[in-house]
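Here it is, the structure, as structure tokens.
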Amino acid sequence: MNALFATLLVPLLGSMLMAVVPRCRIAGWLNVAFAATTTVTSVILALEVLRSGPMLSAGKFFYIDAFNVYLVVLTAFVATTTAIFSRPYMDYELGRGRLNSRRMRLYHAMYQGFLFTMLLALSTNNLGILWVALEGATLATVLLVSLYRTPESVEAAWKYFILCGVGIAQALFGTVLLYFAAASVLTVPEDGLLWTTLHGIAGQLDPTVMSIAFVFLLVGYGTKVGLVPLHNWLPDAHSEGPTPMSAVLSGLLLNVALYAVVRTKMLVDGALHGVSNMPQLAGYLMMAFGLLSFLVAGLFLHRQRDIKRMFSYSSIEHMGLMTFAFGLGGPLATFAALLHMTLHSLVKSAIFVTVGHATHIAGTQAIDKIRGLIRTQPAVGWGLLLGTAAIAGFPPFGLFVSEFLLLVATMESWPWLTVALLSGLAIAFAGLFRNIHPMVYGNQPEGQLPVQANMLPVYLHLLLALWFGLAIPAVLAHWFDQATQLIAGKGVL
Amino acid sequence: MALQLIAYAVVMSLLSALVGLGASRYRALLRLACFPLLGLSGLAAAAGGLLVLTGTAVAAQLPLGLPWLPWSVRADALSGFILLLIGVVVFAVAVFGPGYVREFQHGRHSLAALGVFTGLFVAGMQLVVIADDAFMFMVAWELMSLSSYFLVAFQHENAPNRRAAFLYLLMAHVGGLAILLGYGVLAAFGGGFGFDVLRAAELPPLWAGVAFALAFFGFGMKAGLVPLHAWLPEAHPVAPSHISALMSGVMLKVAVYGFVRVTFDLIGTIQVSWGVIVLLVGSASALLGVLYAMQQSDIKRLLAYSSIENIGVIFMALGLAMIFLAAGQPLLGSLGLIAALYHALNHALFKSLLFLGAGAVIQQTHQHSLEHMGGLLKRLPYTGTFFLIGCISIASLPPFNGFVSEWLTLQAALQGVVLESGVLRIVIPVAAAMLALTAALGAMLFVRLYGIAFLGQPRTRQSRQARLPSRGMRAAQALLALLCLLLGVTPAIVIDVMGAIPQALGGLPEPGITGQGWLWLTPVAPAVASYSAPLVLLGLGLAWGLFYLLLHGPRQKRVRRIHAWDCGFGPLSPRMQYTAASFSMPVRRIFQPVWLLDERVERITDARSQRLTGLRHQLQVGDRSWAVLYEPIGRWVLAAARRVARLQSGNIRTYLSYSFFTLLFLLWLIT
Amino acid sequence: MNFAQFTLQEQGVVILAALVLFASFSLLAQTRIIASIHAFAWQGALVAAATALVAFVAGQPHLYLSALITLALKAMLIPWILHRIVVKLAITREVETVVNPALVLLAAAALVAFSYYVALPVEKLSTLATRNTIAISMAVVLLGMLIMVTRRQAITQVVGFMSMENGLFFAAVVSTHGMPMVVELGVAFDLLVATVIFGVFFFQIRQSIESLDVDRLSRLAESTELDEAVEPEEPRE
Amino acid sequence: MADYLNLQGWLLALLQTALFVTAAPLLVGWLRLLKARLQNRRAPALTQPYRDLSKLFRKEVIVADTASPLFRAAPYIVFSATVVTAAVIPLIAVHLPTAAIADVIVLVGFLALARFFLALAGLDVGTAFGGMGSSREMTIASLGEPAMLMAIFTLTMTAQSTNLSHAIDFLLAQGLVLRPSFMFALLALLLVAVAETGRIPVDNPTTHLELTMVHEAMILEYSGRHLALMEWAAQLKLMIYGVLIANIFFPWGIAAELTPTALLLGLAVIVLKLMLLCAVLAVAETALAKMRLFRVPGFLNLAFLFALLGMLSHVILEVGA
């Protein structure tokens, strides 16, 4: 229990402390330290949950089960490795004069603040607080997107803010409707936003209200997930902010938003089960959105000229895939989605870290200016190449496993959709590699010099992805399976 | 024992990859450690494969894979056979490699990449062959594709190499996805990924057809069947030559293995129409492959197209086998299968031999184009001789091995008369005639290759100054050449051993090709057809020996060396020789519509006197499949991407309205 | 149940709801920034009043607190901040061109009808007297979005956004007598922070494009120049 | 295959081969004689080819200094491959043990092997003529070979054996059957034979006119015994085709058992058949003119068409009936 509070409090404290620490160099290290501490406590928390099962705490305010605890650990872990990368990276940016120390302070404070909101969103039992925390995550990151104060970054931040704000407002309306549905069933309406309570009475909730609520929630949180056609903010925000921010946005924020969607889907499924003429409504909607996002984002990949933008489209694509998988339901697809979520976070953040170094090497984010990375700095070049191979779903990297399972699951229930999935995978793959190829291969341009790069996080993440691809560790498999049981009602093991 | 050997083989190749990591810093490591380890791996694989082929199947489970589905490994006779094939070629490559990679020793190329990915590539191929569940198969398969992609991109400073690597990876990925989906279809009916489950799955004919089509597409893409071959002539030539040998010699056979495994073993119930499709596609590949090869001037590109031809021949034999099996003629089915696999083995040997030879030539002359070679037999007598053996073998001339498998395929085709269907009775002999045409063109192709590159006079300074390649390189070629001869002369022994393979694939009967002892090949029955390669060789030797003795009696005068007759126009120069392009000109004219030809003759005239001072001939040979298949797809994707890009207009109000209308639409949808 | 059978207070809530809706319409119709801000303030005040009235009717004391927060935030603080910004940026007299006012208002009316149609099944479920207002609140949310879609000034977009929030809040109050307190506080906090950040952005945007016209924020688009350079034979799109 | 240890059979087979090889120049002599008569020329002696050969064997060998060892090995390979081909063809008797060594497909393979080295040798010295000859030879062969195989397939499908000996046996046993497929196959094989042996109208064996020659261009650089072997091999090839056509389509008279009378009869009959065949060829060569090189594919396509028609008529008209 204390582990949970520690997990939440450390980043909160960190955020406050960072806001007042003046010296940047220490701040970078502090950032790492806070994130690392969070990781440690989150692992302790995870072990606790593993040992004693789901737990409620602080007057039902927090609820930790198998589904969210692994996301907590993942969030803390990726935040830590990204923080490790962020320290030298941001120092370099400071050295280049793109930032001043005041903005560095803002950056670090908001980094921790963002971490806090994410962890809060994951661990809370209250759907209202979940909303608050997600909105908080937007607020924490929006100023970071415009950190460089370039016209593009301001524009991106504005779009991010407005679109996510509007989206999330719709989610709030959905939450209100949810509360409304619960309040008409419950004797103590105050508990009507607690997920545990709602999940218990899901069968009694009014199906029509729930489906309307789900539409609002899906459009709302779906905006944050980056589902097409609500995705427009995402590439802008990812490409214009500082790279560590892109890494955590892509690797974590999207996950948490999807987490929210899945939680509500579980409720809606419960409410619609057996009483409605369309019991799979939530699943169908998610599948449709997921597939659309997946296909459209794959096509977008072909036309990119900014490397970070390209990878943010790749994030949309993968979120689409996960949404599709969760929508498909069933143990296998759910397991695949959970695995994909984990691996996508790891690999995508690794890629953004590499991309950060690559942009420093080339001095630009423009794809056609980045050339010959393998020659200039093999570690970065190979990191980018292998990371892209991993994200494209090549075995032995783990994303292949999840895609494989997803395909098999699709084959079982919707055989013809596999054609769409496969062509999407192929198109996306071609889009990624046609751009990556000239960047990593070939001769380096004149005057392109290696930079001091910390590739440890990248290779750590890729090794993890490799490990999961070859053999999912028993603990993790058990975890995923428990989460699968929660979501799909039945495990795969 | 067999299992240990196979495990040893895989571990060795992985170890080679691991050691390769250090090769960038310690450059000698590649020669001193990676290649020896690969060689050991090859030996172990060959030994293990042989043991499995002659003994019983072995199986095991690995502590890897999905939690509920550990990777299971099984090697039966078919796997053993392909392992043997892999092992032999890998061993030869390992002997060849150390001398060959000296070329890269002082360059800027990352030797670590070469070492690591060669090891992984070999390990991937070995794992594919022994995988016993779809999941492990796919992982190993893609490992093979991915690592060979990195090898193709090894010399990435050249733009064509990058393009080739991208194309290769893309097509490998698409093919891999198709295979995956094929397994998905089987798994959906079987309820699991293990091969035993898939084998037991009962598929309705439609879905069986879908599974077959996907497998054929996927494996055919890897194998390079027309029109899915576009990557092959791009990728094989640009890899380092020993890798080209592995890719053309072995990886394509792994694709054949996959196809045989899925079609004959897992799906099991074969339909006649599948066989016809495979036969026709195989014929097209064989014919187009050889015709395209005929117009290439890059030696490795030529060999790559020739691989398409040979894969076509293999698939023709497989198609025959499928037709016979579906028509209830299991004995003939086995014959076709053996013919296909024997050709696979032969092609592995002689194509590796040729690629290694090409590697040696390129290393010594730094020329890729036939038009810049010439007279190399005198400069590189060993390479030249072994290359000649490879050429004779691949041109399917007796008494070498290529002929044996082609002969078996033709024999199988001639049994088409036993079939009920009149259409098949016509289609099959016509396909056999295609095969004959292919073989004849193949002979012409290799006359062209050998004659232009190794005979005549050197066309460039580099060819004139070529020096002997290293001892290891020669030894590797000698080994493969010897095997070509052995397999050509004693096919009965090998085919006898291969008799276990049909048995392993759903209990097909042994075809009884070797029923008359080691001296004879008698498919079907001795009265129908027989061939005794040893006696043929004996006859050739006798005739040669007799006449040599007769003509070299003591009264014979010595041979006098003198300039060739120059028609009195002054000395012959190398530029007067027939070129590769001129050699294939008649064929170019006869089969004109096959290629996208861009042939130009430029007349160079003196500006003042208006006299013709020279002619410049330019020839571009384009592959039609691009214009017909690939470019439209590429255009379609780009057009779709352009359409889609309009979503991201940059205007926030537009974005808001997306959100707005999505909401309204969904609300309308649910009420 | 007949409308006449409601208590006077309940009827008052309904009347206030109608006024909130009217405020949305007037927001939509405004062309001048300052006027929009004023309309928005009025809407906030109306929501606050309605909340207080519901608190009185339903005997939910915590709603009084909500009403107070709403009044402070929506009717006073936020309009004040926006007003100050407008003054500071010297755009008090800026006039916005709405796409086509008549058309927009027509669309707005259609939206109201649509939200009534959507909310019908929801209202059936409620036993509260104020249930008919759920449709109104949904309409307010949708109208807020419509405002955002049709306005080009960043500030009016924010006003639209805040108006959406009003609708949300109103929905919570009339359908369920407000959300749990902790959530409401959280929402209010977020809103406050959001307002501050909006303020920051106005200046940043102004600095970068020297205007607050969001249509000029269009650098980050997927342009088609690339293909035209590569494939000149393709027709322009 | 039990009978392959039969010593008498082997001796007979050797004898038959020796006869085949030694008789080949005679056939050419006969052909030249006929042609000369037809063209109202004075004919050379029937044994003139032997005299030519023996002269060449005695002459000094001159090899171009650019030639490689392959150049000197090629005549032996070409010749021995042709000899082995001759050995497996039933000339006067069937069921000789050599016939089982190789069936008709192997036979085609041997011819291809010989041609392969012939073409390589043409390229070896590095003159323009050699390359030209090789290119043309291989082009013609690559079109002719499938037509030939297809014609032969028609036969083997009828006889259900690719073994020549067995096939001939089968046809003998059937007696005279008028098969449409055989008619087409015969036409196809005749056309291919003309092309492959370098006769008019495809090639002119007597010309050294540089732009039209095919076979002669390849062996232009040869002299002495090498040239003799090459020439002899070419003559042997002509005889091979002749015997193939004669014995496959008109098998009557060939010795079915190895008794002296049967063998003598077989010898007499094959001599007769070959003489007749040569007469036909001589008439054709006299009546026709050599055609342009690029008309040759059309010629061979005609052969291919005949072969295809033969196969189709076999499948359609004969199998079902």
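So that you can tell them apart, the chains are marked A, B, C and D in the order they are listed, and the count of residues begins at 1 in each.
What we mean here is this: a residue touches a chain if its C-beta (ideal position, glycine included) is under 8 Å from a C-beta of that chain, and two chains touch if they have at least 3 such contacts.
Since this is a predicted model, take the numbers as computed values, not measurements.
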(request) Have a look at B-D versus A-B and report the one with more C-beta pairs in contact. (result) B-D
(message) Centroid from C-alpha atoms only, then distance chain A to chain B, rounded to Å. What do you get?
(response) 44
(request) Return the distance between the CA-based centres of chain B and chain D, expressed in whole Å. (result) 35
(request) Round to the nearest whole Å and give the separation of the Cα centres of chain B and chain C. (result) 67
(request) Could you grab the centroid distance between chain A and chain D? Build each centroid from C-alpha atoms only and quote it in angstrom. (result) 77
(message) Touching at least two other chains at once: which residues of chain A meet that condition?
(response) 158-159, 162, 166, 170, 208, 212, 235, 300, 303
(message) For chain B, give me the residues that contact two or more of the other chains.
(response) 638, 642, 645, 647-648, 652, 656, 659, 663, 667, 671
(request) Could you list each pair of chains that touch one another? (result) A-B, A-C, B-C, B-D
(request) Please give the residue numbers of chain A that touch chain B in the complex, ascending. (result) 158-159, 162-163, 166-167, 170, 208, 211-212, 215-216, 218-219, 223, 228-230, 232-233, 235, 281, 285, 296, 299-300, 302-303, 374-375, 378, 389, 392, 394-396, 400-401, 404-405, 407-408, 410-412, 415, 418, 422, 425-427, 429-431, 433-434, 437-438, 441-443, 469-472, 474, 477, 481, 492-493
(message) For the complex, give me every residue of chain D touching chain B.
(response) 1, 57, 60-70, 72, 76-77, 79-81, 83-84, 87, 98, 100-103, 105-106, 109-110, 112-113, 115-116, 119-120, 122-128, 130-132, 134-136, 138-139, 141-146, 149-150, 153, 156-157, 160-163, 166, 220-221, 224-225, 229, 293-294, 297, 304, 307-308, 311-312, 315-316, 319-320
(request) Note which residues of chain B are touching chain A in the complex, please. (result) 24, 63-68, 108, 110, 135, 138-139, 142-143, 145-146, 153, 156-157, 159, 162, 165-166, 169-170, 173-174, 177-178, 180-181, 184-185, 187-188, 193, 637-638, 640-642, 644-645, 647-648, 652, 655-656, 658-659, 662-663, 666-667, 670-671
(message) Could you list, by residue number, the parts of chain B that touch chain C in their complex?
(response) 638, 642, 645-653, 656-657, 659-660, 663-664, 667-668, 671
(request) Within their complex, state which residues of chain B touch chain D. (result) 374-375, 377-378, 381, 384, 388, 392, 395-398, 403, 407, 410-411, 414, 417, 422, 425-426, 429-430, 432-434, 436-437, 439-441, 443-444, 446-448, 450-452, 454-457, 516-517, 519-520, 522, 526-532, 535-536, 539-544, 547-548, 551, 556-557, 559-566, 572, 574, 576-579, 582-587, 589-590
